[in-house]
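Okay, structure first, notes after.
By written order: A, B, C and D. Residues from 1 in each chain.
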Amino acid sequence: MDHDRSNADRGPGGIERRRRVPTGDEWATAITRTAPNEIEIRGYPVDELMGRLTFGETVYLLLRGELPTPAIGKLFGAVLVSSIDHGVTPPSTLAARNVATSGAPLRDSVSAGILAFGTYRGGDIENCMACLQEGLAIHRSGVSFEDTARQLLEKWKGHGPNPPGFGHRIHTRDPRAGRLLQLAHELELDGEHCRLLRVVERVINAMPGRTQHPLPLNIDGAIAAVCGDLGFDPDIGNGLFIIARVPGLLAHAIEERARHQALRRIDPKDAHYDGPARRRLPETRK
Amino acid sequence: MDHDRSNADRGPGGIERRRRVPTGDEWATAITRTAPNEIEIRGYPVDELMGRLTFGETVYLLLRGELPTPAIGKLFGAVLVSSIDHGVTPPSTLAARNVATSGAPLRDSVSAGILAFGTYRGGDIENCMACLQEGLAIHRSGVSFEDTARQLLEKWKGHGPNPPGFGHRIHTRDPRAGRLLQLAHELELDGEHCRLLRVVERVINAMPGRTQHPLPLNIDGAIAAVCGDLGFDPDIGNGLFIIARVPGLLAHAIEERARHQALRRIDPKDAHYDGPARRRLPETRK
Amino acid sequence: MDHDRSNADRGPGGIERRRRVPTGDEWATAITRTAPNEIEIRGYPVDELMGRLTFGETVYLLLRGELPTPAIGKLFGAVLVSSIDHGVTPPSTLAARNVATSGAPLRDSVSAGILAFGTYRGGDIENCMACLQEGLAIHRSGVSFEDTARQLLEKWKGHGPNPPGFGHRIHTRDPRAGRLLQLAHELELDGEHCRLLRVVERVINAMPGRTQHPLPLNIDGAIAAVCGDLGFDPDIGNGLFIIARVPGLLAHAIEERARHQALRRIDPKDAHYDGPARRRLPETRK
Amino acid sequence: MDHDRSNADRGPGGIERRRRVPTGDEWATAITRTAPNEIEIRGYPVDELMGRLTFGETVYLLLRGELPTPAIGKLFGAVLVSSIDHGVTPPSTLAARNVATSGAPLRDSVSAGILAFGTYRGGDIENCMACLQEGLAIHRSGVSFEDTARQLLEKWKGHGPNPPGFGHRIHTRDPRAGRLLQLAHELELDGEHCRLLRVVERVINAMPGRTQHPLPLNIDGAIAAVCGDLGFDPDIGNGLFIIARVPGLLAHAIEERARHQALRRIDPKDAHYDGPARRRLPETRK
């Protein structure tokens, strides 16, 4: 998979592009170039990235093809951090633990857990992104944010108990959602997607019956809005959740193997937490 | 899964620990505490981590249970960056692409790719970590690094063409390995594992026949040494590779769906790279 | 998971049913009862089934809850046999082989291969079953089979190059489809689904342009019609394909490990067949 | 993947073998030949097998390369039937159900469940086959079955609480094991592997302390012995378990989706059976 410098030309932004004339069966990839002693991630030598870009920034580069600004890197990192784990109760974590207790290697546990990021979970990011895109199309045709929100809510009726991006089994105020939107605002990266989402949140919770039972924005909704404003396509939404949650699945698989008996019966109702108590980041990290 | 503050006590380092008396079926987890409106990763509220720790630093916290120093965070991030992707030829990437071309969702592609991090690939990190640990035990009993290296090499004969951590299908000088060890040195985080590995490298390549055909240190070996000096157990080695490579699998699955025909026959020999040409990080990022 | 005989009563067909009063968290399963020294598959002791029902018949019992007649057992077995393998080119087989060449255990290979039974392959059975069901609803409202077929074909336009159940990458006359429908006919198990499918086949191929390029019925369409007439719900269609194809994936994973070099690059275009030449079943088996 | 008849020759048994001269990259497969309108499983046209071989017999053909005799077909079918399901408690079934409750397609559930056929479960067949092979090598060197059994038991000490093939979490007399060995005996297919296993069983249970607490032979041990006498290699053992159990995983995934709420918390301790009560095969099936 080497390439011929004589065919180089310059594409947009002055980026030199190597061209190779395709024959019948040839197919192309634009992600990573490997040759003896050379590995380039979207053109950047990987050894040059090591120690200079964070892992989150490199993930962004890999997926988008361009370096994130420091602000974008920070916000994108926060997106990943937000979803890194959610304890033992998600079906994905239980799938991973059940595979781990059978004695399988860690990768089997992680692989099984990923398969439980099904339609109802981890799929909300994509649905919400698609809805926000739809809403912005309506808005750009001249409809106010408020009326756009009402139109979207009307559409979503009957498609589930809650619109995508709202509600949660446990949280009445998802701490991750508020923090992500706040960070986007501080970094001046919140745009129309975030704005529309906020309006939808306001409109939903102004409806009759909602005063007693507010419907909170959840982290999938916040991620959807932030990623929309960062320019991601909706179909990548679930992918970001996978990247973020794999460390969590791994940690649970490792703990299952280390602390519990092989082939045990795992009842999530009997789980309790015995890890560190709540603690704060030292001042120097803030 | 709430907990009773009255049972709190203080463990090492003054960290308050919540205790709960286990009944018959109860089982414990020490990773993440979830309660209404609260999510704590090893005790730290996740919303507090968002925007303050990088994703790589949070992965470290999740796996080790404690915050990394900035230097450790930087080195650990470089470990993850080093393995983020390696183009279309690894069996894992081809497994992921074959699943993607069938029309399956992204998670199925990623899940399948992970399963190909088998014994021969991605398993090298663990093997190498275990070997280095074994070597350090020998060294601590009074044997010099040089003689320890020779003993290890003698043991590894017949266990494969190369000792774990050395050799590569493509690279004669793995750019990632040198960079990682250099960074560990700059950050003053290289210790006995790294030192032993360097001695093994020297001893191997001083052997007859190696002048023409040096046996390069590969990235798995470098990661093994660095993670050993960071205090990780060997069994976590493959897990780090999984976390690092999942974004790569995802990128390839996305590209497969976006650029190529569904249900196509994927011949890796016919792949070529048509992405950005080699480019350098701007000065401001270095 | 024992049960209390005193709560037994008799349900339809005189089958004794054990009842247990559910408490809050209780949930029920009706597939297999296990107790010390007892395993019952839909009520039948498994040791009684061994040697008396074939594996295919037991699969039917497991999925449908009742014993198949010998004729149904024969037809259902033929459904499974039809899809047991299709060589090295399907993406699922390549996914399995790529995992196998990485050194992973057989189950990882099989697991990865299954994930490539995606939307475009293995999903055709369900789509076709659903379409036939839709068509039969139309027919039962008074429309002739011929007009029903035309309505269905009109609906399917724009949903893909071929209607579900028709067309194949390789075969212009899928030998499995014809045989399955013939067997259903011989066993007098072909009903309205099969009849409608045959009419659709006739109508499609009477259309202009089809004389030169007939559109063959494929095995997914035949399986869909047969399973519809056997009373299966559409959502089980893909499940039958999984059961049938797992032995094929396993055989390929085993062969990959046994015959080929670890971590090899697998190019499907370079594969050729070197197994037994065509041979016939001995007369005694027919 | 066509082939050239002019290169045909005849191999052992008069079976015509097609030869193709391999070039550099070529690789071969001997399982299934596909060409336009032709699909041959180990040489037999698949449409010819449909309705004449059972699914279990076709699995045998696929894996072994030759047709089973009717007696072998019956015994092999019983091996598969024995392991088709074991209720909701195995970790594999719980992994499958957790994936199913997330809303994932059936194939994801089955795939996840397979990954939990780990070292401790489903791996016993292989271990036991390997041990029996080892024992038969000892026996063929002139040691009696009784002394061979004692040697094996001595070896297995410290390798786990029970020797492979013995013991069970639930059953004190595994009904499947006895039935399988009885069937092998009736069909005159039991050989040295079965004989050695029976001797091991006798020797174990004659040991002090075993009168009160007999150690039962389990189905994995019986399958191992039977498959050894059928000529299977040990490494295929786990593969047979996968083929057998996939229908069970599928049935549980289907039931989970059909009967229970999406994203529910699955506690195996709260499961009870509400399916058909114990019933007998009609006389005509025996």
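Quick notes on this structure:
Quick note on the criterion: contacts are C-beta pairs under 8 Å (C-beta built on N, C-alpha and C of every residue); 3 or more make two chains touch, one makes a residue touch a chain.
None of the values given here were measured: they were computed from a predicted structure.
Ranking A-C and A-B by contacting C-beta pairs places A-B first.
Bringing chain C onto chain D by least-squares fit of CA atoms involves turning it by 180°, to the nearest 5. Taking the options B-C, B-D or C-D in turn, the interface that duplicates A-D in more than half of its contact pairs by residue number is B-C. Remark: chain A and chain B have CA centroids separated by 21 Å (rounded to whole angstrom). As a whole-number value, the distance joining the C-alpha centres of chain A and chain C reads 36 Å. The distance from the centre of chain B to the centre of chain C, with each centre set as the mean of the Cα atoms, comes to 41 Å.
Within chain C, residues 25, 89, 107-108, 111-112, 115, 117, 266-267, 269-270 each touch two or more of the remaining chains. Judged by the touch criterion defined above, the protein chains are all mutually in contact, each touching every other. Put simply, chain D touches chain A in their complex at residues 89, 91-92, 94-95, 98-99, 101-104, 108-109, 111-112, 115-121, 123, 169, 262-263, 265-270. Within the complex formed with chain B, the residues of chain D that make contact are 25, 107-108, 111, 115, 269. Chain C makes touch with chain D in their complex at residues 1, 3, 8, 15-20, 22, 25-56, 58-59, 62-63, 65, 67, 74-75, 77-78, 80-82, 84-89, 105-108, 110-112, 114-115, 117, 122, 170-176, 178-180, 183, 186, 235-236, 238-239, 242-244, 246-248, 250-255, 257, 259-260, 264, 266-267, 270-282, 285-286.
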